[in-house]
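See structure below.
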Amino acid sequence: MMKLAIIGYGYWGPNLTRNFHNTPDCQVKWVLDLSEKQRLRVRSTYPNIHTTDRIEDVIHDHEVDAVVIATPVYTHFDLASRALKAGKHVLLEKPMTSTKDEAVALIELARKHDRVLMVDHTYLYTPAVQRMKQYVDEGLLGHIRYVDSTRINLGLFQTDVNVLWDLAPHDISICRHLLGERPISVQAVGVSHTENNLENIAFLTLFYPENRIAHFNCSWISPVKIRQMLVGGDEKMLVFNDLETTEKLRIYDKGYSVLPESDRDRILVDYRTGDIMIPKIPQFEALAELAKDFRDAVLHGKEPVSDYLSGLEVVEILEAADQSIKQKGREILL
Amino acid sequence: MMKLAIIGYGYWGPNLTRNFHNTPDCQVKWVLDLSEKQRLRVRSTYPNIHTTDRIEDVIHDHEVDAVVIATPVYTHFDLASRALKAGKHVLLEKPMTSTKDEAVALIELARKHDRVLMVDHTYLYTPAVQRMKQYVDEGLLGHIRYVDSTRINLGLFQTDVNVLWDLAPHDISICRHLLGERPISVQAVGVSHTENNLENIAFLTLFYPENRIAHFNCSWISPVKIRQMLVGGDEKMLVFNDLETTEKLRIYDKGYSVLPESDRDRILVDYRTGDIMIPKIPQFEALAELAKDFRDAVLHGKEPVSDYLSGLEVVEILEAADQSIKQKGREILL
Amino acid sequence: MMKLAIIGYGYWGPNLTRNFHNTPDCQVKWVLDLSEKQRLRVRSTYPNIHTTDRIEDVIHDHEVDAVVIATPVYTHFDLASRALKAGKHVLLEKPMTSTKDEAVALIELARKHDRVLMVDHTYLYTPAVQRMKQYVDEGLLGHIRYVDSTRINLGLFQTDVNVLWDLAPHDISICRHLLGERPISVQAVGVSHTENNLENIAFLTLFYPENRIAHFNCSWISPVKIRQMLVGGDEKMLVFNDLETTEKLRIYDKGYSVLPESDRDRILVDYRTGDIMIPKIPQFEALAELAKDFRDAVLHGKEPVSDYLSGLEVVEILEAADQSIKQKGREILL
Amino acid sequence: MMKLAIIGYGYWGPNLTRNFHNTPDCQVKWVLDLSEKQRLRVRSTYPNIHTTDRIEDVIHDHEVDAVVIATPVYTHFDLASRALKAGKHVLLEKPMTSTKDEAVALIELARKHDRVLMVDHTYLYTPAVQRMKQYVDEGLLGHIRYVDSTRINLGLFQTDVNVLWDLAPHDISICRHLLGERPISVQAVGVSHTENNLENIAFLTLFYPENRIAHFNCSWISPVKIRQMLVGGDEKMLVFNDLETTEKLRIYDKGYSVLPESDRDRILVDYRTGDIMIPKIPQFEALAELAKDFRDAVLHGKEPVSDYLSGLEVVEILEAADQSIKQKGREILL
C-alpha cells in the first residue's frame, strides 16, 4: 500500500486525486491546496482525505510515501526538493521544472535519496500513443523521417509560461518516446501579443541525426482546434488526430523511394499509394495507467515509462527554445 | 486585339493556352515547346495555333504583342530578357526568376522598354482570395495578427527547386496581397531526404512590424493533403480551406482582448466566441481572370493585381529562405 | 421543497438521480431498484438517499411528493397508476406506456387526482432543440415542408421493444415540438433479423396536412453512427447534427420558389443558395433543465414543456407504426 | 469498327459523344438534336461528326450500326422501336422506358431482330461499385442483410418525372448488381410541393426474401448533398460515400451475431467491432467502360453488365413505386 499526498487541487489535481483514489494499493491521505474553497471541494467528494494548506503537514507525515505535485511550474523545484529530502517519492506535473539546472538538481537528489522521481507526461499512457509506439517498435512505419504536429486552439493565455511551455511538452515527450533518440539541436520562433512578452504563437523545430526533423506548431489564438501529429516513415505514414473519438490513428500505405542514379531520367523518386487502415484501439483513461506506473515504480522498483530523463529532456528543449526565440530562430545546440 | 505566344506546353502551359484562347480580344498565335509530341497535341486541339521549337520564330514575329513563359524557373530570365528587348509584353510563370538580381534586372528592362511585366500568381485571382481581400479591406477581421498556412501532400519532388520554391509562392503572394506590407525579415528551416539536397519539407516564417507573423508549412511527403490557411485578426478570424468545394471560407467570431492592467487579477485576456459564417462564394476559373488582367494591362494600361513587385518580393523571400535554411534557421533581414 | 423517489437505477436512473440531487428545492429521498448491487451503488454515491426494492416503501411514504419511473416500458402503467392513486406526481421515462389505452388511462388518473404527469423527452430541453424551436417560432425557416431524420448506429438490441420504440420517440417528440401539429396518418416498414421478430431496422413516415412529411430512419445495425435531422423550410433549411460538439446546428440560406405559371418555360422552380450560418449555442445538460421543469410543474403549477400530450402522441404513433409494419407499410390514420 | 449515332445532345449526350469518340473501334457518325445551337456545338467540337434534327437521317443510314438514345424518357420507346426495327443496336439512357410494358416490348423487338439492347446504368461501371461487387462476390461482407442509401441535395426539379425516376435508378441498379436477386415487393411514399404533383421527396423500400431490405431516401430539396450507401453484411459492413474523392469505400469489421437460445440471459446478440479499412481504388471514367462494354456486345457478342433485364427491373420497380405512393405506402407485389 502506497500512501500519497496530492499538492495542488487546481485544474489537474482533481484528476490526479480521482485516479490515485481508484488505483489499487494506493491511498490518497492528503490533498494540499492554498484555497479553502478547493479544500472544501476535496472533503465533500472524499470524506476520508485530509486537507491542509501547509506543506509541513505533508512532509512531516511519516506515513506519506509519495507526493504528487500539480502546482505552477515555478514552485516545482522547491516543493520537490523538500519532499525528496524528506524521503518521499515524487511525481511532478509537466513541465518538470523551470530550468534544466533545477531538473538536474532534482535528479541528483532523487538518486542520492534513492527515491522515485517521475514526471506526468500523461500522453505517453494514452491508448493511441501506446499503439503508435508499438507500430514504431515493430517496424511497421520503417525508418521515421519526420514528425509534424499541430496543437492549436483558442486557449487560455498562461501568465507565467509561454505557449511552448504549455503545449509542447506533449509533443516533445511523444517524440522522445517514439524516436528513442535525442535531438542534436533546437530552433524556435514565436510572437507575443500581450505586454508580458510571453509568446502565444510559437513554432519549434528539433533537428535529429540523419536529417530527421520534428516540427511543432503551438498556438493559443487559433479559431479552430487542431490536435494532429503526422509521423512519416519510409515504409508507411501515420496520422494521429486526437480530436477523433474512435478513429484517432490512420496508417497510410503511402510513400516514396529515392531511385538509384541510373534509373533517373527526370524523376527522382518512386511513389507508392495504397490502402488506409484505421485500427480499433482500446479505450481507457491514460492517467489511470500513469498512476499504476508510479505505484509500481514506488512499490516494486519498476522502471517507469515517463521517467525523469524524459522530464529533463523536455525542460532542456524548452529552455533552448526560449533562447532561440530571443535570437529570432537561431539554432541552439543541445 | 492582343496576339500572344505561349512558351512551354508542359504542366501549366495547356491551361494558359486554353484560357487565353477563350479570352476576348486575345489570340494565341504561337505555342513554343521543345517536344514534338507536345506541339502535335497543340495542333490537334487548336488547328489555328502555330507551333515551333525556336524562340526566334516568336521573338521576330512583329505581330506578337506578348509572350507567356511557362518553362522551368532557371530559363525565365533569359527568355523574358529576350522578349522584353524585342518589345514584347511578358507574363511569367511563378516564381518569377531564380534570383532577386534577375528579377530586378527584368523589372528594369520592362521599365526601360515600357512593357508590361507580370507574374502568374494565380491564387490572387481565385474567388476565395478575392473575398478574403475584400474582408480585410473592409476591416471585417480587424488588425491581422498572424497568418498560418499548411500546404502539404505527397507531391512530386522537383529536381531543380526545393519545396519552398514550389509551394510557398502561393502563400507569400497571398500574404502580401492581404497584409499590404513587406516583411522585415525571413527565417526558415528544412530537410532533404534526397541526394540532391533539395529540401522536401520546409517551414518558413516571415516577421512583420508590430509582432505580426506568418508561418508556412510546406511538404512533399505528407500522407494527407492539406491546403489550409488561418488568418487571425483581432476582430474575427478566418479559415481558408482550399480543398473544400463549396465551403472554402469560414469566418469565426472568435478572439480575445488584452485586458487593461487594472482589470487583471489572474487572467490576462478576455475571450469571445460566437457564430461561424460560411459565405457563399461565386465559382469561376482564376486563370481566366488573370488572362483578362494581363490583357487589360497590355491593351489599356491597367495596373495588374499580380504585378512585378509581387513577383520580386516572392523571389527575395525565397532567396532569403534558402540562406536561412543553410544556417539552420538564422533570421535574414530583407 | 419537493421530495422524490427514483424507481429504476439501470441505464438512465443514475442520470435522473444525479440531476434531481443537484436541482434546488429537490430532494431525492428514495431510489428503488430490484438489484442489491445497484442499491449499493446508490448508497456509496449518495449516503443520504434511502434504497429499497419494494414499491410499497415509496408509495406509502407520505413525505414523497413525486416519483420518477425509469423502468422497462411494460412496467410503466402499473407503477405510474399506483403512484398517481397514492397522490404522487409522476415523471415517466419515454416512451410513456406500451399502448395508447394505457397512456389515456394514466392521463385520466392524473386529471382525476390533480397530479402532474410528465414524460421524459429529454431532447426537448437540449440547447440545440431549444434553439431550433426559437428559429421556427420566429419564422426564420418560413413554412416547414419536411423533416428527415437519421438515427442509426451499431446499437444494443432491446429484448422487449423494437428499434422504433427505442429511438423514434426522440424524433417524434422533436417534430411535435417544432411543427406544433398532429400528423394525419402514419406509415412504417421494418425488418427483424432475430427470432423474437422485433425490428432492428425500421423507417417511419408521418403525413401532415398540406403535404408536410416527416421521415425517420432508425437502425441498430449501422456501421456508422449518425444523428442527423434535416428541417426544410421554404425560407431557410436547417441541419441538426447531434454528433458535432460545437457545431450542432447549421442554417442554410438555400431553397426554391415555385414559379407562377406564366414564368415557366421549362423550369418549374427558382433556386436560391446563399451563406451558411453556424450559431454559437450555449452548453448545458438537458436533463437538468427537465428536472427544473418537473419541479416547477409540481411546486408552482407551471405547464411543462414535455407534457403528457406529447407522451401520448409518441405512443399513439408508435402503436400505429407497429400496425403499419405488420401490414408492410400500409397507411394508418390517427 | 462500330458506327454510331447519338440522339440527344442535352445534359448527358456530350459525355456519351466524347466517350464513344475516344473508344477504339468506335466512330460517332451522327449526332441528332432538335436545337440548332446544340448541333453547332457538336460541329465546332467534332468537325467530322454529322448533325441533323431528323431521325430518318439516322435510321436510314445503312452505315449506322448502333444508336445511343439520351432524350427524355417518354420518347425512349418510340425512338428505340424505330431503331431496332431498322436493325440498329440500341443503348438507352436510364430509365429505359416510361412503363414496364414498353420495356418488355422493346426487349421482344431486340430479341426478334437479334440486336443488342442495353441500358446506361453508368454507376455499375464505376471503380467503387466494381470493387463493392468484387467484395460481395468474394464473400468478404458475408450475407447481405440490408442496403440503405441516401441520395439527396438541392437538385433540379424535373418536369416529366418525379424524384424517384430521376435518382433511384442508380440505387436500384446497384442493388440488383450486388444482391443478384429480385425483390418480392415494393413500397414507397413521397410528397410533392409543386402543382404538377410530381414528388420531390420520396422514400422507396424493396423487400427481398429472408428479411433482406433495401431503402432509398431521394430528395431534390435537401440543403446538404449526400450520396451515401450502407451495405450491411453479417461478416462486415461497407459504406460507399460517393462525394469522397479518394476514400469512397470504407469496410468496417463490425457486426453482431444472434446468440443461441441457451446463451441468452438478457442479451440477444453478440457485438463485434474492429478495424476499418479504406481501400485504394483505381480512378477511371465509368462511362468509358460502359462504351467499351456496348462496343464489345455489338462487335463480339459479349454479355453486357448493364443489360436489358437490369433496365426492365428498374422500370418495374419505379412503376410499382408510383402505385404505392398513390396508395400512401401500400406494398405492391412484383
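Going in written order, the chains are labelled A, B, C and D, and every chain counts its residues from 1.
Rule of thumb we're sticking to: a residue touches a chain if its C-beta (ideal position, glycine included) is under 8 Å from a C-beta of that chain, and two chains touch if they have at least 3 such contacts.
Bear in mind that the values here come from a model prediction, so they are computed numbers and not experimental data.
Q: Could you tell me which chains are in contact with subunit A and with subunit D alike?
A: none
Q: What is the minimum number of touch steps required to go from subunit B to subunit D?
A: 2
Q: Report the chain whose CA-based centre is farthest from the CA-based centre of subunit A.
A: Of all the other chains, the one whose centre lies farthest from subunit A is D.
Q: Report, in whole Å, the distance between the mean C-alpha point of subunit C and the mean C-alpha point of subunit D.
A: Centres of subunit C and subunit D (C-alpha means) sit 39 Å apart.
Q: Using the average of all C-alpha atoms in each chain as its centre, how far is it in Å between subunit A and subunit C?
A: For subunit A versus subunit C, the centre distance works out to 43 Å.
Q: Quick one: subunit B and subunit C, Cα centre-to-centre, how many Å?
A: Inter-chain centre distance comes to 54 Å.
Q: Spell out, as numbers or ranges, the residues of subunit A touching 2 or more other chains.
A: Residues 273 of subunit A touch two or more partner chains.
Q: Going by the contact rule at the top, pick out the subunit B residues touching subunit A in the complex.
A: Checking each residue of subunit B against subunit A gives 145-146, 148, 150, 152, 154, 156-157, 159, 185, 187, 189-196, 201, 203, 205, 207, 211-213, 215, 217, 219, 221-224, 230, 232, 237-239, 250, 252, 254-256, 258, 261, 266-269, 271, 273, 324, 327-331.
Q: Touching residues of subunit C toward subunit B in the complex: what are they?
A: Residues of subunit C touching subunit B: 247, 253, 273-280.
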